[in-house]
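Next, two complexes with chain A in common: one pairs it with chain B, the other with chain C.
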Partner chain A sequence: MSVIAPDFKFSKFIQSLISDVVWFVLILSLIGFPLIMMILFFIPMPVIDGELLTPFLAFTYLADPSRTLPIVQSFMMTDMFKIMAFPGFGFAALLAAGTIFVERKMLAKLQLRVGPFYCGKFEGILQLMGDGLKLISKEIIIPAKADKPIFWAAPVLFVASAAAFVALIPVAPGWVVADVDMGLLAVFAVIGFFPIVTILSAWSANSKFPFIGGIRALFQMVSFEIPLILSLLGVVMVTGTLNLSEIAASQSSFPWILFLPVGAIVFFITMLAELERIPFDLPEAESEIVAGWLTELSGMMYGLVQLGTYLKLYAFAALFTVLFLGGWNGPMIVPQFPMELVTEGITLGPITAKIGGLEPLLTQLITPEMINGVLMFVLKTVGVIFFILLPRGVFPRIRVDMLLNLGWHKLIGLAFINIFIALALVYAGVLGPGGLQ
Partner chain B sequence: MTNEFLPPGLALQKADERIMTLNVGPQHPGSGHMRIIVQIDGDYIVACDPDPGYVHRGEEKMAEYRNYITNIPHLERPVIHDSCNVLYPYVLGVEELLGIEVPERAKYVRVICSELNRCIYTMYWLAIYGIFLGHSTMFMWPAGDRELLIDLMEKISGARVTHAHFVPGGVRNDLPPNFEEVCLRQVNYFEKRIREYAAVFYDNPILISRTQDTGVLSREDAIRLGVTGSVLRASGVDYDLRKKEPYDVYEELDVHSNVMKEGDSYARSKIPWLDMLESCNIIKQALEKMPKSGSVRVKLKPNPKGKGFDSVYKRVESGRGSLGCHIVSDGKVEPYRLKLSVGSFRNLIALPYLLKGEKLGNMPSVYWSLNYWPVEADR
Partner chain C sequence: MKFKLVGEIAGNYSPIVLMFGFAIVAMAPALILSRMISPRKKGNPVKFLPMECGQVPSGEGRTHFMMQYYPYILMFVVFDVMAIFMYAWGSTLLELPKSATLPMLGFLAIMFGAMAFALYQSGRRRIW
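== the complex of A and B ==
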């Protein structure tokens, strides 16, 4: 499978990279810097080290790390950075993009074919970017009798709900966008939004197949929300908190899946149903109802729903990690930084190279513990995502009546068994206050 | 204008608030080149009206303007995946009309080609059955493993799908050198490979719970509606033309016809798979018994003619059931009339009876388990 494309030449590849860099520098220096200059000119500048920051000074800061790094550090502690980049949207979107690539390649290997291959020099790694560009460039067609404002708003609302879900996930100690005490309740509230958005999109399209798909999605999500909530109550009972960060921190010695395996299984199955993954992809069953509630969506509206779906997939997998697999806890595998190099600098003969301003960044913000926590979290989440993707290659789709039967009869019963297990553990004094941990 | 003169989609119906009419096809991933008008009440199908005819190509009329040899390439077009079996009754009929005796080796080559083509067709059918049930692995595996047998047919005839290999008087070319060895190897691997499908598809608990007891066609109904082939055998009627009316050398081979009693979608989807295993068995027997050398084709005069006014009806067991060909000759170089009687159309008749009262989710599995090929039904 890992055959290089026949006309691949490494020298050509390097050449194309160099030309890309040249273009990047050219565009940055001709457009980017003047633009920054203009923006800085209009923004009231703060006073730093007793001198007023002017655009000229700001440019000199770019070359001086001891002045730039504190700005970077203060920026990394803002809510904006958390929402946009690291524990929030950007990080989740990056993992979701990785998920799509892994899904396509893994499914291809399972089905004895190649999968994405030509887009991007290595194994079709840029295929997703190409698909995204295609979706952006496509015309958005709206059915004539659709309820247009709602039809337009539904995909945006879908992504917004998924992003709100992502915001509640703690990635490392202290690294969470919204650290609310009622974190798990907030998760339930956000999950409750998805069926509403789905039925809004399906109904407003005013078309038959989306309508059937929307009704199916509504059935599926509403009936699986109850076992979902019940299966997580066990974790709340043994930890005594709804705060997701505290739940993750409470698993420093062992993950809850060891004590509550039934709850973990129930949550995993309901997760598959909430995500509309095979074998529960009834709302999008193509041989019955074309593409279900996505039938009338076109262009980037469809792209937004796909983005929302994969963000939701990441968020559910991360929630499983936080609740049952111990979140960021794990063995310390990241080595300590050589701090004397940062504080004292590197001495090369007569020259001593030292980067000022790096020390507070490395001791306060990006510590080895934080990197290790993120690494553990990502590894566990990727593992869970892998198990979410796997059934797609193995199972056919099930039917609506079988789905409802599973949700209402079997999973709710199992969730109650899980609650009794948790209660027994707490009352026997094994877990909870005064118990293990 | 009353209802019975209108085409199905245009017929006037009583308005009912609860009933929704769905046009499944012709632009739908769950239909072939046809339309199924489905009326649903909630999740239940109240009525169903299959509407074939979107790919009608006038094969029968075309056959009246071409002579017996030039008819061959276009008569295989209805089912290009099963082209040898589609040509088989025509070739048998023309041989009887013209009074040609076929060499022994040609008969064995025909049986081998026919069984290979049955497997090629069934693999394609199985791939679509897999994707209709949402099982994407079962779409890719048969579509890939088909290539083994397509390569064999390419070695024999030179074309991957439309072989045009059967001609009145034998087959077009002799087998390539060293073919027996290659064929045995490929078929053995193919057999091993399709046995693996049981683990991922036929023994899959979700598949079994989804297709068992859905769309049940009882033995009496199957006989009454006149379905053929795998659909008939899945309802417990042991009727295989290779055993009941053996043509060419099938009577010298040990043919086992697979019968199941359930008559549901699961049985109907399993019979073609069992038939593929049986086909591998037949190919191996034929390779063993085939005369190692000899002629494979009787030389015909240019523009052969029938002897006066004459008619002949021949039928064979194709991948979709009994496939008959009625040829009427008036002593000219072209047939006076040619009628293809295909299994697909006979099986489609059962669809409205099976879908009534079923859930909408069962529609793809019941529809495709009928072993129906839209292009063949329209001809």
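== the complex of A and C ==
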């Protein structure tokens, strides 16, 4: 039994390594660097130490943290960082992944099962990664006579719509991807994309179960849009703004759920319906219509739709937090960072360790207030997510006519009651100008 | 009052479109990668039939489907527009004089009257 293949030659191995390196260097210098330079030409570069940063200077600065950290800081303030990493896609995807794991584990505990257990050392913590690998390596089967371009595009568009929703959520003061005046109306506009993507995906599959599920999804999302919109009007009336950051900032003393509990309950129920979660999971009712509009999606397409669903779940929970629970406001529990460690360095005997560029980063960008705000926001959002997940282990599915009766007669009525409560609070002088602060 | 250019206001919304585009750019490679590394076997044509619980599908997939409760959709069209009208009033409520609420209440009364009539008719004729 030979461990090394019979035609193995050390010289050939070295030769192949060298040829790989040569090709790498050749392609990098002929295509890579010119491309980087061309792209960087169009990106506004920051001014460091009174000098406009150029790619050459950036390479020179790499060894010096006091000049590299300002570059990092200016990068963290760009739109691209916000979109890719922190209040945007990366942050939301991380929370969504956590949600999937917690949902499976919690549901298992509710039903006296174990849930994911073997993958990973501790309580199946790597199950999600394993599922991702499985999904990405499975064959994607497109049904015959499907409308291929739309069928391929639908899962990606679903994730993209959910990401556009995430873009509007303020996480901490100033930390929001798109800080727009009409934030709440933009939220409604983005929510309007989901039924369209769903029905496109369902129609293009040329199969009966997705078609029925897609029509149910359309029906449900469209009819619960009215109570959704009306239940949030009360918050807009007492704050007088549609900007989500201003709405969150207006709750520094008390959250609006104390004054408008009816609106919060109506919004929560419509949220469950918009998210297609039990007891409103008619569009993917697995005991009636196989998997609803997800029936023909296989492999990574299904994975993308799941990712989009959980991004949407995070975004709705975050919207609830921002509108009713006060967003980032909360008790200050993060201690102040000892700044003398940064300004004067750490002295150990004859050695002083000091990082130069850290001070502006810690005083301007990653302040304790910001960390505390993010912590409060995440705690509240996780709480709301927990209450969204909980009905799945408790309630049965309801019928279509019960759903519509609930949505059109009860929730709309309650939403109007909420509006009149808000009107009474404003006109009685309890809230608004001259009222409680 | 400070006026803003239309392009300036529209520019504020560009991060939403950028995030939409970023999700597409970031997620489409997952599909392409999956297509590259996953097996693709032609097999027999049964594999590509639409799912119909193991039976050979009968008829077209995109059929006419009688969805009940059609009048709700008509009510949706009315109520959706009404809700956005109410946002125009609600978001400026703190600056408006109190007399501005009366026309709004009148508007709501008309809407509710129409809705009550529709519900009464539907209950009488059993159309939903």
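Operating definition for what follows: the second predicted complex is superposed on the first by the 374 of 437 C-alpha atoms of A that agree within 3 Å, B and C clash if a C-alpha of one lies under 4 Å from a C-alpha of the other, contacts with A are read in each partner's own complex, and residues count from 1 in each chain.
Just so we're on the same page, contacts are C-beta pairs under 8 Å (C-beta built on N, C-alpha and C of every residue); 3 or more make two chains touch, one makes a residue touch a chain.
Source: prediction; values computed, not measured.
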{"item": "Which superposed partner A:286 touches (first chain B, second chain C, both, neither)", "value": "first"}
{"item": "Contacts of A:141 with chain B and chain C, given as first, second, both or neither", "value": "second"}
{"item": "Contacts of A:278 with chain B and chain C, given as first, second, both or neither", "value": "first"}
{"item": "First, second, both or neither for A:400, with chain B first and chain C second", "value": "both"}
{"item": "Which of chain B and chain C A:229 touches, first, second, both or neither", "value": "second"}
{"item": "Contacts of A:367 with chain B and chain C, given as first, second, both or neither", "value": "neither"}
{"item": "Superposition-derived comparison: chain B or chain C, residues of chain A touched", "value": "C"}
{"item": "Which superposed partner A:113 touches (first chain B, second chain C, both, neither)", "value": "first"}
{"item": "Touching partner for A:73 - first (chain B), second (chain C), both, neither", "value": "neither"}
{"item": "Doubly contacted chain A residues - partners chain C and chain B", "value": "208-209, 212, 290, 400-401"}
{"item": "Residues on chain C engaged by chain A in the complex (per definition of touch)", "value": "9, 12-24, 26-28, 30-31, 33-35, 37-41, 45, 47-53, 57, 60-63, 65, 67-69, 72-73, 75-76, 79-80, 83-84, 86-87, 90-95, 98, 101, 108"}
{"item": "Complex interface listing, chain A residues touching chain C", "value": "79, 82-84, 88-89, 135-145, 152, 155-157, 159-164, 166-168, 177-181, 184-186, 190, 203, 205-209, 211-212, 215, 219, 222-223, 225-226, 229-230, 233, 236-237, 240-242, 290, 295-296, 299-301, 303-304, 307, 400-401, 404, 408, 412, 416, 419, 423, 426-427, 432-433"}
{"item": "Complex contact set, residues of chain B against chain A", "value": "20, 22, 28-30, 43, 130-141, 144, 200, 204, 206-207, 209-210, 359-364"}
{"item": "Interfacial residue positions of chain A with respect to chain B in the complex", "value": "107, 110-113, 208-209, 212, 278-279, 281-282, 285-290, 392-402"}
